[in-house]
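Both complexes below contain chain A, partnered by chain B and then by chain C.
The block that comes next holds the complex of A and B.
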């Protein structure tokens, strides 16, 4: 009897560990943290991608309505280079993204990204994503989760080509794309 | 082992409980509508890097400080680095309300809300959820704890009873050391330190990617320290030390929801100490110099899984080996731990539950000074906990109730129920109250050893007692927090009544040639006091903190017994901390501590620790630190009847440190 109870207990624990796994979508909190990172990426950047003398707002765009809600709450009344942040929901691929200063592509947007990145070289636009292969396909910064926390990998050369000089503080905190260590 | 599995009803209960949780979880876990967006503490880069993406956390650690109904303090990596401390024990001096006393240059007595003893602290200390408690004396060999400070993410300190979530022997508090994820320690880090007490200290770490967001780090360190100049006895000070460590951590990110951690560390120390022992022929007190060694090895694996946006689970298995050899005592313990924990948010009810099992293999070699009473070669304990947090009034009033029940080989079952109330009448004000029961299990030494004590010519032995009961303490706490943008206040009051407290009963034999000092668990102990912390940041460049704490300690002893740890006393502490960033390259950190009271049989003292940090280039930094300044040589611990160690005077010391990161 004793081994039966022991085995039952261990099997039960393994069942708990293995069989109730469900794919977790980004929570509002995760979206809020990521929008905070977008704010800091813009804050710690210099270059031609955003000129406060000719723009009245700093525009953060996304196709994801849930992200937009979280970002609007998180970034309310904040400014970049003394210009208010405007969080904008893109509703179609045809929409003009030229007015965006940061474009955030969620996990569910990988197909959209494949279409819009096909023939376009993005200048003066910070491209941030959260899915595998984003940097390899032309993105600048890609979020990933480790240890329950948001981390990011970054491609400083592509950023520079888009007119963005990211501060060394950000580069030190991120994982440099294709870095050995 | 068989005894454990004979408790079918408890295992059945655990299975039923997991079934229930699974059923409820499967119904509600995906219901996003119940999710309440938690406000982020700050949009500062460092705060975002530290923020968990989920409200619940698989690991045993604190959540949002303002939502915790306990007296807590978090030491951040930044504060640890910039304050110039060189080890974890010294870092705990930065926490208001922690009693951190040095016996000599290597040995420490640390606790909170009580008198600290080298051999008893009632303080649970964990590194990444793995207890580093030594079952021999129910304390921690702080000198053998050699975690690289630059790889510590934070140290969470809970003053007061934390037994429900963390485990037994947490009557006075919990120290939870959380190391950084290896993804945050990429590259090469090298550090060299030298000074008046540190002959040399060299630290090296290398970290790298393994693809698919997995990463690793390995580290090594070597340290040699010098002796003090003055001992309390005629024997010259002998507290030099050599310490070597090697370790590593591997974080495998199996996917966004499943991660696996493996970490290991080996530490070897060889240190000097002065001892007060009995002469084996005359039983007269003699003072001897000893060189003692310890080897500690820790290995831990943890699987963490996010089940849904509101639920996660963790399975942790660890093994730890602690071996030591000193003139009067040789021990060898192997401790195996298995822990499972699940955290779920169902509507507005947060449920945390878990089960744990520990098996300890014991080997204590008999010496002229130490013998075993019975043949005890193992010790185990197991149990589980359940904590439920109810929202009584949305955003305003929460009730947290729970219980941890554990059975151990020495004293059987122990229960640690708790109820806490958290009231947030305004976003800036938090009031909390708690009542809880804590359990302290007797150590092996108290249970099963016979130790020869020094005396004035009569053979005197300290005798363990297998009939000792677990110490049970009921603690009532009350706290208030006020948070503004530039300042905040945090006040906690406590009153704890403990029964079955360890005491010593002296029984001479008929011819008065032998005195047995028998351990008994018959005393009552009342401790009360409080802590207050005021934080103020008048400008971006200046951070200040004022902490005050007082602890009173009152025994109620049966006739014919005396205290085993501490005595009727009080201790008052004032700590003032300030950090000033002169510019991005230069900063100064100052910590001034005043300690008064007779709890350690020492004079009152006040000391200043001062550190200047200079970031020479983005990769290279230099710092200069002076510790224990202004007061001169002083004793911090003189309760010599509780330990064989003869204390030395703690002296001002200076050291310089250079750090390179690539």
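The block that comes next holds the complex of A and C.
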């Protein structure tokens, strides 16, 4: 018979191993969730930012290759307004991000964002980030983690200004960014 | 009284019950229909409401589900629990895993519908199914609504029933009351037979028409009733009159107006059955010779005579006496509480006296006498039958003793009657016992002194009484009709004996005479036919036997008797008139009847020697017979002088003790036909 103490040790060891593995796998899963959120933001939105008549794909762009991998897996074969989703990895700031419909800026892209957004207004592009000050710096939607869950905050005015009419159903789910006029 | 009788015992109750039942049934039917309708409506409305709620929540919940925002989703469905009937709401993903859910333990008092109403709608986004929203609610709201509705309906039902009841009362007054009033009047008429009653005509409909017709019918019945009563009264009066007449007829004699037999016998019976010390006398009366008066003067005279006699007798009677007519010429007088027999005797004498003066009927003076027999209660008898019978016996005694007299009953009369009855009984057996014998008395030719004829005379040898003379029994035999058989026996025996005598050498013209009673001719003379055959069988001629009849027979007999005598005569039988000269001596019958022999009565022969008129009468009779070519026989010759006188007068034959007394056949044969 296995002694009680030995059994307790084995259980504790298994729990630690599980925690470690989860921390290691958190990023791709989180990315997958976030890619899903991007997809759903597009689905609940109308406006000129994406015209399926002139675009063959809905382009989701990001500078984060891990995100791209996760998003491609998550959004494979999905469509927005009957157009397949194309997940596109931006490799440089010079690349034309105008073809992007959604631009995701991960935590590590804050500096890039600073460069891109400087004195520049983006029209027909949904801007989604995940770092502090993103909305204040001109972003539309910003992810944040609460209780281990991905939540988001929205600046509806900027979305409107960018030609994006997001459904109130989504707006209601997110935290409305309060700006100081 | 059971429920059915209470409910349907009267028209009122029936109408009330029917109206209430119709109202109740209609109300319940409508209530059930409305309830079912309301239940469906409320249920559908609740389902629709829940669906609406779900549909309102669905888009946001879809978004929440898509964005895995449990908090938001919960926030959205949590207000559902504020609804009193929603017990849970649950959002599930497509795999059935719960995304969010809420649950509340409601304390709703649910009694009818214990199941839950479930509304489930899919959470879709642009055709893609992301999960399901399921809302469960109890039926408390529906039940409350239904209970409220039911209470409302019950109120309506009660209202309808009250209205129905009021309506039935109204109908009772306007529809049923005329009918019940009519029924009450009809019942009253039936119970009391009072056809003066009338029903009020309370409406102008069929019931009013019925009441009018009923009143007309009552009027008709009343009229008929009156008519019938009048007829019944008339017939009752007629019946009373008829009954009175019948009673009068039943107890009175229509001819004389006197009480009749029934009345007097009933009265006698009543008197006898009275416990008090009653005594009375009855006088039986019978008119003497009334038959002759009836026959000679006619029945109308007879009836008038009876009426006059009735009045005459009634006038003589005291007030305590009652005169009744029994029938024919028989009367009876009842004298109650008489003082003595002398008083009764005086009444009888007075009756005789009053009747002796005679009566004038149709200008003809008629004399009539009466025979009276008297019996007294209780001395002579104690029954009506005996008293009447004893009065009759006494009356017969008066008849026997010469009529026009009265006799009180005594026991000797009864004994005589009993003796007579015994004699009759003995007579009935005498022929069977061969107790009769014929004696023969010779009839002698006075000129030659030779026997020419003989008269057969019957003798009765009774084993106890001894020799009974004919005078004692012939009249009784005639009275009871036995004379017919006896007469036939005499005729046959005489014929038989004559045949024997002929064989012994009797003369060819030797004849035997037999006496024949008038009674023998009353049965149509059948005996003659038999006798002729018998005589022929003996080898005798019809003229060998002489039939002797009395003069009275010829006088009194009817035409039928005369015709039978004529028949005998035509058959060659000689007819002799016996006892000639002592009766009416009407010579006319000698002209009507072809008589062969006259037998002069012994009374004339007895006085031949002493009385010249007897001799003269005998001479006349002999001369009469001689002129009519009739033989003459003188009866009762007892001596030679009488014989000589008769011979001198020309009488041919003689009969009497001078020659011989009647002899038995054996002696007669020995004496006259030399038979030793």
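Here, the second predicted complex is superposed on the first by the 152 of 181 C-alpha atoms of A that agree within 3 Å, B and C clash if a C-alpha of one lies under 4 Å from a C-alpha of the other, contacts with A are read in each partner's own complex, and residues count from 1 in each chain.
Basically, a contact is a pair of C-beta atoms (placed from the backbone, for glycine too) under 8 Å apart; a residue touches a chain by one contact, two chains touch by 3 or more.
Model, not experiment: these values are computed from the prediction.
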Partner chain(s) touched by A:84 [first = chain B, second = chain C, both, neither]: neither
Which superposed partner A:93 touches (first chain B, second chain C, both, neither): neither
More chain A residues in contact - chain B or chain C: B
Contacts of A:167 with chain B and chain C, given as first, second, both or neither: second
First, second, both or neither for A:149, with chain B first and chain C second: both
Touched partner set for A:37, first chain B, second chain C, both or neither: both
Intersection of chain A interface sets (partners chain B, chain C): 33, 37, 40, 44, 149, 151, 169-170, 172-173
Complex contacts: residues of chain A adjacent to chain C: 33, 37, 40, 43-44, 149, 151, 167, 169-170, 172-173
Residues of chain A touching chain B in the complex: 1-3, 5-6, 8-9, 12-13, 16-17, 20-30, 32-33, 36-37, 39-40, 44, 70, 73-74, 78, 144-151, 168-170, 172-173, 175, 179-181
For the chain B and chain A complex, residues of the former touching the latter: 2, 5-6, 8, 11-12, 14-15, 18, 22, 25-26, 29-30, 35, 37-38, 40, 43, 45, 48-55, 57-58, 181, 183-184, 186-188, 206-209, 213, 215, 251, 253, 256-259, 303-310, 312-313, 315, 340, 342, 618
Residues of chain C touching chain A in the complex: 59-60, 62-64, 66-69, 72, 125-126
